[in-house]
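Quick one: the structure is below, questions incoming.
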Amino acid sequence: MAGSIYGNIFKISTWGESHGKALGVTIDGCPAGLELSEEYIQSFLNRRKPGQNKYQTPRKESDRVEILSGVFEGVTTGTPISLIVYNQDQHSKDYGNLAECYRPGHADYCFDKKYGIRDYRGGGRSSGRETIGRVAAGAIATKILNELGIEIKAYVKSIGPHVINYNNFNFDSIANNSVSMPDEECAKKAEKYLDSLINSNDSTGSCVECIINNMPIGIGEPVFNKLDAMLSHGIMSIGAVKAIEIGDGVNASTSVGSINNDPFRIKDDKVIKTTNHAGGILGGMSDGSQIVLRAHFKPTPSIFSPQDTIDKYNNEVNISIRGRHDPIIGPRAVVVVESMCAITILDLLMLNANSKMDNLAKIYK
Amino acid sequence: MAGSIYGNIFKISTWGESHGKALGVTIDGCPAGLELSEEYIQSFLNRRKPGQNKYQTPRKESDRVEILSGVFEGVTTGTPISLIVYNQDQHSKDYGNLAECYRPGHADYCFDKKYGIRDYRGGGRSSGRETIGRVAAGAIATKILNELGIEIKAYVKSIGPHVINYNNFNFDSIANNSVSMPDEECAKKAEKYLDSLINSNDSTGSCVECIINNMPIGIGEPVFNKLDAMLSHGIMSIGAVKAIEIGDGVNASTSVGSINNDPFRIKDDKVIKTTNHAGGILGGMSDGSQIVLRAHFKPTPSIFSPQDTIDKYNNEVNISIRGRHDPIIGPRAVVVVESMCAITILDLLMLNANSKMDNLAKIYK
Amino acid sequence: MAGSIYGNIFKISTWGESHGKALGVTIDGCPAGLELSEEYIQSFLNRRKPGQNKYQTPRKESDRVEILSGVFEGVTTGTPISLIVYNQDQHSKDYGNLAECYRPGHADYCFDKKYGIRDYRGGGRSSGRETIGRVAAGAIATKILNELGIEIKAYVKSIGPHVINYNNFNFDSIANNSVSMPDEECAKKAEKYLDSLINSNDSTGSCVECIINNMPIGIGEPVFNKLDAMLSHGIMSIGAVKAIEIGDGVNASTSVGSINNDPFRIKDDKVIKTTNHAGGILGGMSDGSQIVLRAHFKPTPSIFSPQDTIDKYNNEVNISIRGRHDPIIGPRAVVVVESMCAITILDLLMLNANSKMDNLAKIYK
Amino acid sequence: MAGSIYGNIFKISTWGESHGKALGVTIDGCPAGLELSEEYIQSFLNRRKPGQNKYQTPRKESDRVEILSGVFEGVTTGTPISLIVYNQDQHSKDYGNLAECYRPGHADYCFDKKYGIRDYRGGGRSSGRETIGRVAAGAIATKILNELGIEIKAYVKSIGPHVINYNNFNFDSIANNSVSMPDEECAKKAEKYLDSLINSNDSTGSCVECIINNMPIGIGEPVFNKLDAMLSHGIMSIGAVKAIEIGDGVNASTSVGSINNDPFRIKDDKVIKTTNHAGGILGGMSDGSQIVLRAHFKPTPSIFSPQDTIDKYNNEVNISIRGRHDPIIGPRAVVVVESMCAITILDLLMLNANSKMDNLAKIYK
């Protein structure tokens, strides 16, 4: 399974299965001289921790992170940072009945065909717990970006048919509801919707929006490693994401040029754009305005209703999934989306350090 | 500009500006033993060539491809394949007035800020002509995939408000209209819409859909290099794409699990899924059913109406773009979407060759 | 510190400092279906474990390896394999006096200048303990190669002036002496030489030779990723190696073509070469004969005699190194050389799986 | 043939066969703002051009380089730089008799086994002409390094048994003799030696030494991407190199620590080392002193004496090689060694730009 390493300069290598001993990540290429503590990383992991409200799996995991290397006297040394989280509350027995059959909407069938073997306990490497490594690494990337003035904020924009109203937008309120929505009114409706789905043993899709402020201009490499292409790679690599939009996204395909083009103007001696249909990215590079992107998550595939499927002997069977599962993915994925954005942007920022002779001269002359 | 190389095993390296001497691509990692001719590659390039109908820039380019290396007596040798296309019909003077000002919706401003210098003639490296290298390499990737039985087909699904009706779907008809739509009726409406936009000096967005048949199961690497993540990277790296959808895409976020999950069944002794909301990808791996994805293109940013913008001295100015530009990007991008899919899938297919001990044994024992 | 990840398909990511909590490695890209146990990996680590005889640091480390992921019911699943070894017998106080001064022959000075910070305890990331990750990953690579019939054997060829006599060559005898030499007589002389160096608080250089049997033909990629170039990269990345030779190595530069060219002949219906000056590699590809390479290690830089150096304030000082150090590096590096060869060759073997259309057809048709 | 791309940030992609239409290189990741002309690059290519004296193949090639992209008004723009050199004086007929038999010391046999097909004309991709791309890219890397104050100089240190005497060392004199030796007296002896070898239809090995002055401290990444490991990779990837030494090289294995350790001292308020056994690299990082390395080249394998070999049907045959070949590789490889050092060092220099938070702050704050 090539594919558990991400990034070109700021490289992260994640590992671990849902029901194995532990999960973790190693970050290679983190600059030296960054203050870093376990508490700081923990604060990010706590945001994705299960069991925090009734819309989340009751699996109890403290998800306590430990720094094993790369930090000396509270500061990064430039050597690889190894982070580990031990698994605790595993109910592997819940999955015994899944050893031989393929859950619809899950990776089970593909795993068996690709590798000829599969750790069937809890989704193995395709479990939501795989994101622990992303978030732990994302915490570090976020800290570096913050020190350079860049801010990343994600939130749930919609749950099923319930979409936030930007007139009610209050980012800080996402901590006040159990669905990470920045619109209290919408959050309440969404919670009711979730209650009804839980009652009917069903689940729902959702949309997470992410905004990034204070981006330097010119981040992203034209052609194949455009900022939007790299962000799409990172975001689409999160389990259950089925679409990614930048700026106006799918609506750009029904717009016209005279509207979609964002005019440049000068305001207070600064370059601004009077609109931001582009979502802050032009020609694959950041244009200095706010970056806006959306990730669309499919409904949690683990539902408790009986479902048609097959087993590994090609028998048609009907399964009822047990175990502990969220009825929605978006709210707990908010911090994962932020993390993938942070890692991706930091990596491109580091690459961009070599874009012109002037930059090299700043460092070596 | 790191970022003009794409792929991990089947690697392509593209180069060339809109108004430079030539454009080209080098493919490193193409397997030996593939029959390959200039004529074959040319047939792909002809599909993206300008000036073929009234909805395309009248720039006249024969876009004649030449194989400079890597092919001996009509067969690939395993060495790098270098392909070159010389530029011919350049009207660089059209761009003289753009040397000092930034076109809205274009990369001009970002280029200047990132590199401190910019080839202002015709978009330079961000021109649509940059896709020549993608398509030439895509032709080769497609040939290899075809020999393994895999087929890739793209078409225009919508232009502005005009969306194809799948009841009228006839893939072969895309060659009969000037907008690459597989629905004759819709194509006519779309052509009228384009006529009206040309009259009003405006442009439109569009959506290209791509389907891939006969995929082996298990292609794509779980976690960061999921098939959908890699395809998103490749597709979003095409200029003007603002959103990418897999299967149900954005609609997955408003669906429920009991509908969105595709049940596995057995039909004629084969595994099938009775629906395909997932678009042929589960857990980041191909599941054996048809892969379906959509790329949403923004309207061509080069429009002939006067527009507000700024120049490089931060003066507010009003520009009228000259030059030769398509009023829509989608139809000519169909073959580009196919190409990026082919390159991406082939690369993952080659990586997958090492997924299990059995495969290694097939080759080395 | 980009640079702790190695390989292109079989990728290893190592981490950990000499005096940190633990060291480890994650292998991404290991094929599924390989039987693997902690005991097997342990047998490799035991070969590099300290404190096994008087020529090795008395640091007591059980160096017990634990598999944290990637193995299910004794078989690799294709997911990343995370291996960890906890540090135990750390005497960090021994290094307190080194916090502010730079040991000659060590990386201390460069670390401080590069990163602005340094974990001064026991060499940090430049300690010999860094090789734990290499050897653990090398054990896995070796197992795969062995299953394909390839064998790798390294041994100490010379210690200071004492060079083995190939007339006495007996590979199995390397376990019988404390210097890993396949010539008992030479080993005895070398041991005496080491005794004298220990008495004079000095250390010695050494040469490790490695032979690889049953290589498939054509492994290695012409041009930049030649088999010899990749092996040189891997071997030279081992701390203290100052030269690498393939086949006749440095002597090739004083030879003539009529001697240095190895004639091809047929023997028992098989292609052979009557000599092997090339060391089994032609044009950067394995030629089917035995691969032969040599790594030259400098003397252990940590010696107990007083030495001239400077401190971080640019004062000239005189230091006497404490701590526990081997008077020679070669014998314990034998398994490290084997490991880097195994990892490098396996990675190229996996890449080579896609060298021709025939191979793709074997897997996908 | 994965393996024709080199570098991580400053990436070069070379292509072209000895007897194909052309050869070339594309550089992706060259910083913008560098003045660059064809004349400058040509001056490097002229140093490796054939036919300049009697010890070089009489093949007549003007090897005229053309810049196809990436340079606008004499300055690099940050986009990929494509360079091309057309082949002219090809005598492909000379090679007709080699289509079916394998030259000893050449890659022919391995190519056939690896790819199942081979361009037998003049060595194809394994010809010395492959280095055109390296040298063209090396010219650019050298220019950037020079602007940062770094200087790279290579020369022939020995030819067969004739080794330069450092008491006679005069770098500028390498242009005065036909063997690129910085010792006139030794050069004369070496020329006589070459005359005798030409008479006897034989060839000789040689050693090229390279020194690098004014290196910033800390370049190179500890662990796998050590400066010496990366240089070894680059140098060993040059055809015919069989050994690489850093500093004392192979002699380090017979030295003792008390001699081999280079003491740090202060001189004129600067850090110096009183000796340089390490060749300017400690722990895989540049230590600020002169970098010294040596590449050992085997004798040219193409000799005109009859040789034993086999053909592709496994018949034993005797061949006499025709064509035009140098009796020695070293002198023309001097500029190739410099080029690979320049490319490798620049790439690590660019990577190092992100080694600490301070550097990021210099660029982004």
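Labels A, B, C and D are assigned to the chains in the order they are written; within every chain, residues are numbered from 1.
Here is the rule we use: a residue touches a chain if its C-beta (ideal position, glycine included) is under 8 Å from a C-beta of that chain, and two chains touch if they have at least 3 such contacts.
Since we're looking at a predicted model, the values are computed, not measured.
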Can you check which chain pair, A-B or A-D, has more C-beta pairs in contact? A-B
The distance between the C-alpha centres of chain A and chain C, rounded to whole Å, is 38
Please compute the C-alpha centroid of chain A, do the same for chain D, then give the distance between them in whole Å. 45
So the centre of each chain is just the mean of its C-alpha atoms; given that, what is the distance between chain A and chain B in Å? 26
Residue list for chain C, restricted to those that touch at least two other chains: 1-5, 8-9, 14, 29, 32-33, 78-79, 114-116, 125, 222, 351, 354-356, 358
Graph shape for the chains shown, where an edge means the two chains touch. Line, ring, star, complete, or other? complete
Touching residues of chain D toward chain B in the complex: what are they? 1-5, 9, 11, 13-17, 20-24, 26, 28-30, 32-33, 66, 68-70, 72, 75-82, 84, 114-119, 124-125
Which residues of chain C touch chain B once you look at their complex with the stated criterion? 8-10, 29, 31-34, 78-79, 144, 147-149, 216, 222, 349-351, 353-365
Interface with chain A, chain B side, in the complex: residues 1-6, 8, 14, 102, 104-111, 113-116, 125-126, 130, 158, 160-161, 197, 201-207, 217-218, 221-226, 228-230, 232-237, 239, 241-250, 252-258, 260-266, 269, 271, 274, 277-279, 282-288, 296-303, 305, 307-310, 314-316, 330, 351-352, 354-356, 358
